[in-house]
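Below are two complexes that have subunit A in common, paired first with subunit B and then with subunit C.
Up next is the complex of A and B:
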C-alpha cells in the first residue's frame, strides 16, 4: 500500500513538472532546459520564506509567484529576441540560465544543503488499509490532482486558454485579431516557471535542498515528455504515472537498480514507439 | 562558403603562437594552459563537426570524451598496451560509444535528439560512478594515468608532452579541414540546410548523421584520453553533463560551423576561466552570463565577428 501511495505522490510531482515543460514547449516551441533550475530555485525560495515566516503555506503560495516573475523577466530579456531563430538558440539560452541560476543560488545560500520541515498539519502518518502512510504524501496526491485539473480547465475550457492556444497555433492571425502575442508568450513562460517552482516547493519537505537537485529531475521530466509524446498532456499524465510507479516499485523491490529504471523505460519506449507511447502522430521538431 | 583570408591568417597566427609560447615563455602555468587549450580544441572541433555542420546539438559528448579517457587508462594500466595504440583505441572506443548512442538518439530528431543524448550520457555517468565501480574507481576516479614513452623521450617533462600534443592536434586539425571540405562534409551541410531535400536527392540522411557522430566520437575519445594523460587522473567528472556543457559553451563562444571558431572559443574560455577564477570563485556564473549575451547578440560567435569584418556580410560565418 505504501508503495502505491509513494508511487502516486511521485507521479503527481513528476506530472506537475512535466506539465510546465510541455506547456512551454507546446505554446512557445521552446524546450526549457532551465526547468530543473527553476524547480531548485522554488525549493530554495520556499526554504527562505519558511525561515522568515515559519509557515510552509506562505512558501507554497509565494515561492511560485516569485519564480514566475523571474521567468517572465527571463522571457522578456533573453528569449524574446531569439524566437525567430533556430530552436537551438532557445535551448542554448535556457542552458545559459542554468549556469547563472546555479551560481546565484550558490552565492545566496551557499553549498551546504537545506531542509524544510514537513508542515505540522501533515507531520503524522495516517493508517490506511492497515498500513501507516505518511500523510504528506497524501497531500501531494490531492494537491497535484487539484492543480492538474485546474491547469486542464484553464487551458481547455477558459477564455484565457483559448487565447493561449490561438496565439500558439497562429501567432500572426492572433495578433491581427487583437491578441497581444508577446504578452501571452511571457505569461505562458511565467506560468511554466511557476509550475516548476511549485514542484520544488511541494518536494521541499521530502528531499534535501541542494544544488544538484534540479538536474536529475530535469532528466526525469524529459523522459516523461518523451514517453508521453510531445505536447501531449494526457500522455504526460500516463507517462508520469508509469515512471512514478516504476520508481516506487524499484525503491521497494530493487533499490540497487532504481536509478536505472528511468533509462530502461526510456530505451524501451524508443525501441518500440519512437514517437512516444501515447502519441498517434510522428514527432516533429 | 570560402574561408576568409582573415580567418586563415588568424588560424595560422594562433597555431604559430601556440608553438612559440612554450619556447619563449617557460612558466609551467602557461604551458599547462596551452596544453589544456590544445586538448579541448581537439574535442571542440570534433563536436562542431556535427553541431555546426550538421545542426545536431549533442548533449552527450561527455560520455564519448570520458569513455576515451577510461579506455586509455584501463588499456595502459591494466592491459599493458602501449600508449600510442591505446590512444588510437580510445578514439575507436569514442566512436563505438557514439555508434551506441546514435542507435537510440537518432530515432528522434531536433531538440529531442539533444534531450536523448543528455539522458543517455547521464546513464553512462551513473553506470561509471556506481555499477562499474570496480573498473572505474567510482567517484574517486583513477590516479596515475600514464604518459607516452616514445623514442626514449621523457614525456613526463611537460614541455615534451606539449610538443606531442601539438603534433596530435595539427594532425587532427588537418584531417578535420579535409573532412569538412570533402563531399562528406558538404553532405552534412546539406543535411543541416534541409534534411528532406537532402534525402530526396539521394543522400542517406540517417547514415550521414551516424557517420558524423562517430567521427565526432573519435575526436572526443582521443581528446579525453589526452586530458586524462595530461592531468595524470581520471574521474567520472569527465562523463558528467557539465563537460558536455563546457564544450558547447566553448563552441558557441567561438562560433559554431567554422573550423576556427571552436578553437578560438576554447582559448577564450580557458583564458577567461584562468583570469576570472583569480578574482572570484563564481567565475562559472560570469561565463554563463557571457554565454547568454553571446547567444543573443553574437549568434555566430567571435569567429562570426571576424568574418563580418572581412566579408562585409552580416551574419555569414566563414
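Up next is the complex of A and C:
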C-alpha cells in the first residue's frame, strides 16, 4: 500500500511539472523548451521569498505569480511576432529563453546550491500501511489533485475555458466574434509559466535548487506529455498517474529497470498511439 | 641570377621545413603557461570556481612565478563534458601551454589523459576520483594528488567497522565507477564480518528516492551506505530526512557531504558521515597559512575542491621549480618520486608505480557549526592511515 501512496505522490508531482507544458502546446501550438527553466526559476524565486519571509506558503502563492508575470512579458515581447511563422522559430526562441533565464539566475543567485526547507506543517512523517510516509508527500497528492481538478474545470467547464478553446481552435473566427485572441494567448502562456513555477516550488523541499534542475526535469515533462497526448490536460493527468505508479512499482521491485520501463512506455506510445495514449480525435486540451 | 637565388632560397626553406623542430625543452618560454580546464558550468559548475580560487592562492604564494618566469593560467570551461575539455585543452596546448590542470568530472579527466599522453604534457589531477585515472602501467604524464574512489570506499568500511555496524543497506549511483565502488565495498565489508542486507542502483540524476528510502527504513540494517554524490546525494538526504531515516540508521558515504552539500540539504544533514578530501580544520601550519590567505582573499572557508587544488598545484610548482629545468620529462621524473611533507592534509607521498599520492583519509560528521564556521560544518571524527587505504603496488 505504501507503494501506492508514494506512486500517487510521484504522479501528482509529475503532473504539476508537465501541466504547463501541455497547456501551452494545447492552446498555442508552441513547444515551450523553456518550461524547465521556468520551473527552475520558480524554485529560485520561492527560495528568495522563503529567505525574506520565512514562509513556504507565501512562496507557494507568490512565486508562480511572479513567474507568470514574466511569462506574460516573454510572450508579448518575443513570442507574439513568431506565432504565424514556422514552428522552428518558436523552438529556437524558447531555447533562447533557457539561456537568458539561466544566465539571469546565475547573476542573481550565483552557482551555489540553494535550499528550501520542508514546511513545518509537513515536516513529520505519518505512519501509513506499515511505512513512515513523509507528510509532505501527502500534501503533494492533495495539492496536485486540487490543481488538476481546477485546471480541468477551468478549461472544460468554465466560460473562460470555452473562450480559450475557441481562440486556440480557430483564432480568426474567435477574433471575429469579439474575443481578444492576443490577450488570451498571453494569459495562456502566463498560466503555463506559472504552472511550471508551481512545479518548481512544490519540488523545492525535495531536491537541491541549482542551475541544472530545469534540464533534468524537462525530459520527464516530455514523457508525460507524449504519453498523455500533446496538449491534452486530461491525458497529462492519466499519463502522470501511469508513469508515477510504474516508477513506484519499478523502484520497489526492480530499481535498475525503472528508466527502461519509462522509455518502454514512451516507445510503446509512439509506436501504437503516436498522438498519445489518452488523446481523443480532434480534441485539444 | 634571380632564378638561382630563388632556387637557393627554396632549397633552404624546404630543408628547414623538413628538419625536426628544435626541442621545446631547450627553449625558455616567456612564461609558464598552464592550461586549466575545469567545470565552470554544467553539473559540476560550482566546483570549478572553488578550484580556481585554490590555485590562485597557490600562485600568489610564490609571487606568481616559477623557474624565474611568470605563471600564466588560461581558464577554460569544459561544461562538465569530455568533448569541450579536449577541444579547449588542445587549443591551449597549440598555444604553448606546458601542462594541463583539471578536469573535474572523471570522464573529462580520462579524456584529457589521452591528450596528455599523446602530446607528452603533464596532467595534474586534484579532484577526479575514478580509480582508472591512476593505475599501475597507466599514463606516464598523469598525476593525482587527491583521493581515489577506492581509497574512499575503504574509508567507508573502516568507519563501519569502527562504528560497530553489522548490517548495511546501500544505494548506488547507476554508473560504472560507483558500481565498481559498491562491489569493492561489499567485498571489503564481508572480510570484516559486515553483512549486506540490500542495495538499489539509482539512475544518475534521480529525483525521487522515496521508495528506496522506504525499503531502507523497513530493513533491519543499522547502516546506510550512500554511494552517490552531488545533486543526487542532496536529493537522497533531503528525502531520507523527511522520514527521519538518520535517527535509527547511520547514513554514510565516500563523498556524501561537505559544507556545500550540507547547506543544500539543510538540517537533515546533521549526523551524516562522509569521507572528506580536504578540510579547513586540519591542524597543521601549512593548512593554517592557506586557510588564512584564502579567507582574507575570498571571505569564505575553503572547500575541499579549493583545498585539494591549492595543495596539488603548490606541490607541483615546488617540484618543477626544484628541477631548474624547462624539460617536461624532468618535471615528470621528479614529481613521480616526490614527497610533500608539509601538505595541508599532512604527509603525501607520490607513488611512482601508479603516480597516485598516498595520503591519510579524513572522515567527518556533519554538525551544527558556531560562527564564524558555516551553520552546517564537517567535524573530522577519524583520520585513517594511508597503509589501510591503498593497496601495495
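Definition applied: the second predicted complex is superposed on the first by the 263 of 285 C-alpha atoms of A that agree within 3 Å, B and C clash if a C-alpha of one lies under 4 Å from a C-alpha of the other, contacts with A are read in each partner's own complex, and residues count from 1 in each chain.
Convention: a residue touches a chain if its C-beta (ideal position, glycine included) is under 8 Å from a C-beta of that chain, and two chains touch if they have at least 3 such contacts.
None of these values were measured; they are calculated from a predicted model.
Asker: Following superposition onto subunit A, is the placement of subunit B relative to subunit C best described as a clash or a fit?
Answerer: clash
Asker: What is the contact status of A:132 with respect to subunit B (first) and subunit C (second): first, second, both, or neither?
Answerer: A:132 sits against subunit C, while subunit B stays out of touch.
Asker: Just checking: does A:87 make contact with subunit B only, subunit C only, both, or neither of them? Give me first, second, both or neither.
Answerer: In the superposition, A:87 touches subunit B alone.
Asker: Considering only touches as defined above, state whether A:112 meets subunit B (first), subunit C (second), both or neither.
Answerer: second
Asker: Which of the two partners, first being subunit B and second being subunit C, lies in contact with A:259: first, second, both, or neither?
Answerer: A:259 sits against subunit B and subunit C alike.
Asker: Of the two partner chains, subunit B (first) and subunit C (second), which one does A:247 touch, if any: first, second, both, or neither?
Answerer: In the superposition, A:247 contacts subunit C only.
Asker: For A:96 in the superposed arrangement: first (subunit B), second (subunit C), both or neither?
Answerer: So A:96 only meets subunit B here.
Asker: Can you tell me which of the listed subunit C stretches (19-27, 109-117, 199-207 or 325-333) runs into subunit B once everything is aligned on A?
Answerer: 109-117
Asker: Touching subunit B and also subunit C: which subunit A residues?
Answerer: On subunit A, the overlap between the subunit B and subunit C contacts is residues 259.
Asker: In their complex, what parts of subunit C are in touch with subunit A?
Answerer: Counting only subunit C, the residues touching subunit A are 41-43, 45-46, 49, 174, 200-203, 205, 207-208, 210-212, 214-215, 217-218, 231, 234-235, 238-239, 242-244, 260-261, 263-267.
Asker: Which of the residues in subunit A come into contact with subunit C in the complex?
Answerer: Going by the criterion above, the answer is residues 2-3, 6, 9-10, 13, 111-115, 117-118, 123, 125, 130-134, 136-137, 203, 205-213, 216-217, 220, 247-248, 251-252, 255-256, 258-259.
Asker: Over in the complex, which subunit A residues touch subunit B? Could you list them?
Answerer: Subunit A reaches subunit B through residues 31, 78, 81-82, 85-89, 91-93, 95-100, 102-104, 106-107, 215, 219, 222-223, 225-226, 230, 259-260, 262-263, 266-267, 270-271, 274, 283-285.
Asker: If you look only at subunit B, which of its residues touch subunit A in the complex?
Answerer: 55, 57, 104, 107-112, 114-116, 118-120, 122-123, 126-127, 130-131, 241, 245, 248, 252, 282, 284-289, 291-292, 295-296, 299
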